[in-house]
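Step one of this worksheet: look at the structure below.
Chain lettering (A, B, C and D) follows the sequence in which the chains are written, and residue indices restart at 1 in each chain.
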Amino acid sequence: MNSIKNTVKMTYREAVREAIREAMRKDERVFLMGEDVGRYGGCFAVSKGLLEEFGPERIRDTPLSESAFVGAGIGAALGGMRPIVEIMTVNFSLLAADQILNNAATYLHMSGGLFNVPIVIRMSTGGGKQLAAQHSHSLEGWYAHIPGIKVLTPATLEDARGMLWTALEDPDPVLIFENNTLYNMEGELPVDAGALDIDHALIRRTGTHVTLITYGASLFKSLEAAEQLSKEEIQAEVIDLRTLRPLDHDTFLKSISKTHRAVIVDEGWRSGGISAEISARIMEGAFYDLDAPVERICGAEVPMPYPRHLEEKALPQVETIISTVRRMVKSNG
Amino acid sequence: MNSIKNTVKMTYREAVREAIREAMRKDERVFLMGEDVGRYGGCFAVSKGLLEEFGPERIRDTPLSESAFVGAGIGAALGGMRPIVEIMTVNFSLLAADQILNNAATYLHMSGGLFNVPIVIRMSTGGGKQLAAQHSHSLEGWYAHIPGIKVLTPATLEDARGMLWTALEDPDPVLIFENNTLYNMEGELPVDAGALDIDHALIRRTGTHVTLITYGASLFKSLEAAEQLSKEEIQAEVIDLRTLRPLDHDTFLKSISKTHRAVIVDEGWRSGGISAEISARIMEGAFYDLDAPVERICGAEVPMPYPRHLEEKALPQVETIISTVRRMVKSNG
Amino acid sequence: MNAGQTPEPIHMARERDHNHHMLYQMLLIRRFEGKCAELYSSMKIRGFMHLYDGEEAVAVGVMQSLTADDAVVATYREHGHALARGISACSIMAEMYGKREGCSRGRGGSMHLFDDKTRFFGGNAIVGGGLPIAVGLALADKVQKRPRLTCCFFGEGAVAEGEFHESMNLAALWQLPVLFVCENNLYAMGTALALSESVTDITAKAAGYNIEAEAVDGMDLSAVEKAANKAASRVRSGKGPVMLECRTYRFRAHSMFDPELYRAKSEVEAWKGRCPIASFIRLLKEKGMLTDTELHEMEERIAIEIDDAVAFAEAGMWEPVEELTRFVYSDRRTE
Amino acid sequence: MNAGQTPEPIHMARERDHNHHMLYQMLLIRRFEGKCAELYSSMKIRGFMHLYDGEEAVAVGVMQSLTADDAVVATYREHGHALARGISACSIMAEMYGKREGCSRGRGGSMHLFDDKTRFFGGNAIVGGGLPIAVGLALADKVQKRPRLTCCFFGEGAVAEGEFHESMNLAALWQLPVLFVCENNLYAMGTALALSESVTDITAKAAGYNIEAEAVDGMDLSAVEKAANKAASRVRSGKGPVMLECRTYRFRAHSMFDPELYRAKSEVEAWKGRCPIASFIRLLKEKGMLTDTELHEMEERIAIEIDDAVAFAEAGMWEPVEELTRFVYSDRRTE
């Protein structure tokens, strides 16, 4: 399909790397900082090779001090830089939760608009790699609770490549969550792929019978489920939220006005996750459009167990999406 | 009303203190630890006088080290103690978020059931005192996202007095959030007031037209609104959740099967708060009972501003509850 | 005034002016705090408020070593720093009232004073929370090769926080231009230093990071000024951060809610005997650099400045409630 | 074997047994890790796995100073500690397979080994996260007047975390029985110590908390054992925590995903030349305490132990998926 010369094959990992590289080339103020981003090449090899190109001042290895280097990123942003701070894994970000909520998210407001914080904080998220109870959670929906920050969840190569620069141009703090199961995903990207909007959800597949609302790694499971369902004449519309805060509800409300049914797929814990917020917004914005109650397929509410079979059971799977949609569509047609 | 001799007048603050005192007397393993709980008497004067009764080993002042003393509480619990750890204000708890999520909530699971963590962590929460953007948030609903912990929000004197002991008897970590505007609230308590269940929501006022679902300081605003609404012949049922995790949805679902309408009142931020979860559970459990979409009255999504008029505007108020209910009940009767 | 005497040499006049300036600032802070306490009682100011009485020599002394381009990061006990940094008493007082003319547009209040013109980055009410911010500001300066420093004030209570340790290490490791100023007033709320640190000598901590540190009598303005100048020039020389520990005492309660059960009245009285303002006045008088009339005039000017500030705050406007959620995100999209 | 010679004195026999025991443990760890690497390649073990080759003398040496009542807190690189503490290779291997016969019922995996019988509290995969836990365990012992200590292992990378600082201070301030063991293998993943600490001498940090500290050659089992015994007795004397820095090196990559770009092959080779097992074998042979036959037999016993462990793990059961959400909360209500 992409036999035209001007696309290039790469992984999600490389797409993120290209985005960082381009940003660093474009803007002197941009630098990358985090544990092992330099000499080691990044815990998930995202920044491999960047140290050689940009040197240790701009690809800055930090000690294991999440709170201080996130705070230093905030300070550097206040001082006119455009830091990209990498936290290896979402669970470690809890060590910097104070800086994220009490400083990054509040500085603009408590200074009455004087000081904005143009920082980008990237981290890997999600289960699926058998990393167990301290490395596998999906807290992006949790962070989306905090006013003052934006929360991005690029799922596709295009978004991995295109949302970073827009995030850097944003005057306010932006958190980017990269699902760790996506790093090896391959695809074709236009050679001139560039910045993309970070404000809108996108319909990744159109359909008429049900709206699947999702993001991140669950997008692909939802698309796969939609593909299989289409063989049963059930056409699912699949919405990739892309950004969890601010949440673009218009896109899914509009879709529901057509499909009258919605299923949310989110690998985060169910209670109080982003899935709850989506369901509540549908309650508020599309109640009279609904033919059936909105359902949620979420991560099991458990600190992630190590063994594969339990981890698989703990995460949303294609089969569950299919059976849920099938039941929903069949039960009240 | 309480003219019978066997009640005693006290404040919410004193009720918490009595609960701590009783627990300390009953069980040698219980101790209180936190910043300024001893010599200072507690940042909100909750523990005043306890140092004199129990001495500095059991009423233990800590340095400003939220992560380490919460972690030490977890360790002490593993070592057979029953620690009550006080964090002055919910915003500071972010410094200990790693210990709460990555250790307290996961130890039992990742050890395959070997090591439970019987710790109680108390903290003040909420706005209303003009403490601005780093001292005023309501993160109890946010913490309720985490499996492995329980989240209690006692609103009444009875609950302030009665939920602590039950929390201490619980084998797992329990977080107790005390809304700081309640400490001065006065009331009568039975002399022999004691332990109370922490698993169930309670109907604080019965009604037939609408269900108000709330907790903490918002309970009293909801009761006040219900009182005023009753003059207009609108009878609101008021449910005090008491515990946000695990969430007792049976109580509110049952109520809605009677009232067919629900309004959630929560001073936490709206997006992804406990209000979203409640709405989603109603969607899932009472969709066909609803005569109108569930509505949410929440804290504005803003780091709390300092001035009184803005703070008042940022918090749910009685008038908003009344007008919301009135509109809802009138619009489709 | 010196009529009939030989005219004063220029350097003496300069010294006198400088000393008068510093005395003015210390007195302004003291009177300002007194007025704040009053206004708190009359409920014009609300929330948590932490006064600086007794510690004036620290903020005023240290600020002398800074240039306009330097950055300042302070704590919730920062009225004195804000005034000494040159933020107007009017806009600080209006902030305390919560008026939109306040330096943080009324959104911050007592604990969150901000000012871009003087590069005053708060007003941070999370103990220790400002230290990483200061490290980052200094990193930005170093990388952008701007000859500036960042001065970071924090209490001795903050030393127990992990962020202190992480920030000291980062600043030293990366040789960043941070002047760390520890305001050691012996108590963190009600917790005496000996109950919060296994080693109570704060400068000893700095050694663990290879950071040069000096302790100075924080009640002695000249000593603070001298030590700060020395520390600041070392920071400016590019050799990395320096820590200055100022040993001081707060005369008032921790905040407006503190029954002060944890320290003896006699201890407070003894420290009041070492009031930095009284001793500076004594010193200047001894040196013949201050007359009673001058002092009196100074107090009058200060009284007027404070009256003006109160009037300004009283006359200020409330932010319209419609603007409640403004400044959660920036108005403009990019820059 | 000594037929015809005078019988060996009892204390020599004891020493020999003890040394054989320690050698056995080091060798067991080395072979166990080798098997784990193999099983990782054949995908029997998954997730993150961190091997301990080269550092055996630390875990084995330190464990000699502990009693059965003491508690141990370790990191994600804890196979060696678990084995040296006496957790069976079978239950560790089953854990690595994710089987319910595993010491953590298969829920934890390589990074989360737990055992109540030997008071082994993890297996903590948040760098620095175990230190406050150790402080709390020691606090419980002190308050309950139990004559125990808690031994806390952590890497030199953890020293940069705020929790290190807070924990050291708390333990020293409250004089708690913690034996802090820093396993300084010079790298935290790919970050060399000099890039993470402004002062690379870890024992210098302890001084800031008034904690007695000693650095020891972590490649020398006898030296580690001796230092650990001394440190542990001091901790037991009630005078508060002690820190032991063991200078060591990991022979393998950080984890199974590490391309090792950050250190020179020659450096790794040089350290391998200081292998703690090889040198202990040399020493024992020199002392006439180990014969080739004995060594050979030992290796054979170890091979059997490991084969048994693998067989045990292979034969283990999977936790039923219906029990997925078990152990989120305790089964029983109160105790």
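The definition used in the following text is that a residue touches a chain if its C-beta (ideal position, glycine included) is under 8 Å from a C-beta of that chain, and two chains touch if they have at least 3 such contacts.
Keep in mind it's a predicted model, so treat the numbers as computed, not measured.
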item	value
Comparison of A-D and A-C by number of C-beta pairs in contact, larger one	A-C
Relative to chain A, chain with the most remote C-alpha centre	C
Distance between chain centroids, defined by C-alpha means - chain A, chain D (Å)	37
Whole-Å gap between the CA centroids of chain A and chain B	31
Geometric centre distance via CA averages, chain D-chain C, whole Å	48
Chain A-chain C separation of Cα centroids, rounded to whole Å	42
Shared-contact residues (touching 2 or more other chains) in chain B	62-63, 65, 67-68, 91-92, 95, 98, 102, 109-110, 132-134, 147-148, 301-303, 305
Sequence positions of chain D contacting 2 or more other chains	106-108, 112, 124, 126, 129, 160-163, 166, 169, 173, 195-197, 325, 328
Touch list for chain A against partner chain C, complex	31, 57, 62-63, 65, 67-81, 83, 98-99, 102-103, 107-116, 118, 147-148, 150, 169-172
For the chain C and chain A complex, residues of the former touching the latter	71, 100, 102-108, 112, 114-116, 121-124, 126, 129, 131-141, 143-144, 150, 162-163, 166-167, 169-170, 173, 325-335
Interfacial residue positions of chain C with respect to chain B in the complex	46-48, 97-99, 106-109, 111-112, 124-129, 157-158, 160-162, 188-192, 195-197, 258-259, 261-262, 318-319, 321, 324-325, 328
Chain D contact footprint on chain A (complex, rising order)	35-36, 39-41, 43, 61-68, 91-92, 95, 129-135, 300-303, 305-310, 313-314
Residues of chain B defined as touching chain A within the complex	67, 91-92, 94-95, 97-98, 101-102, 105-106, 109-110, 132-134, 141-142, 144-148, 245, 247, 269, 271-277, 279-280, 282-284, 287-288, 290, 292-296, 301-303, 305
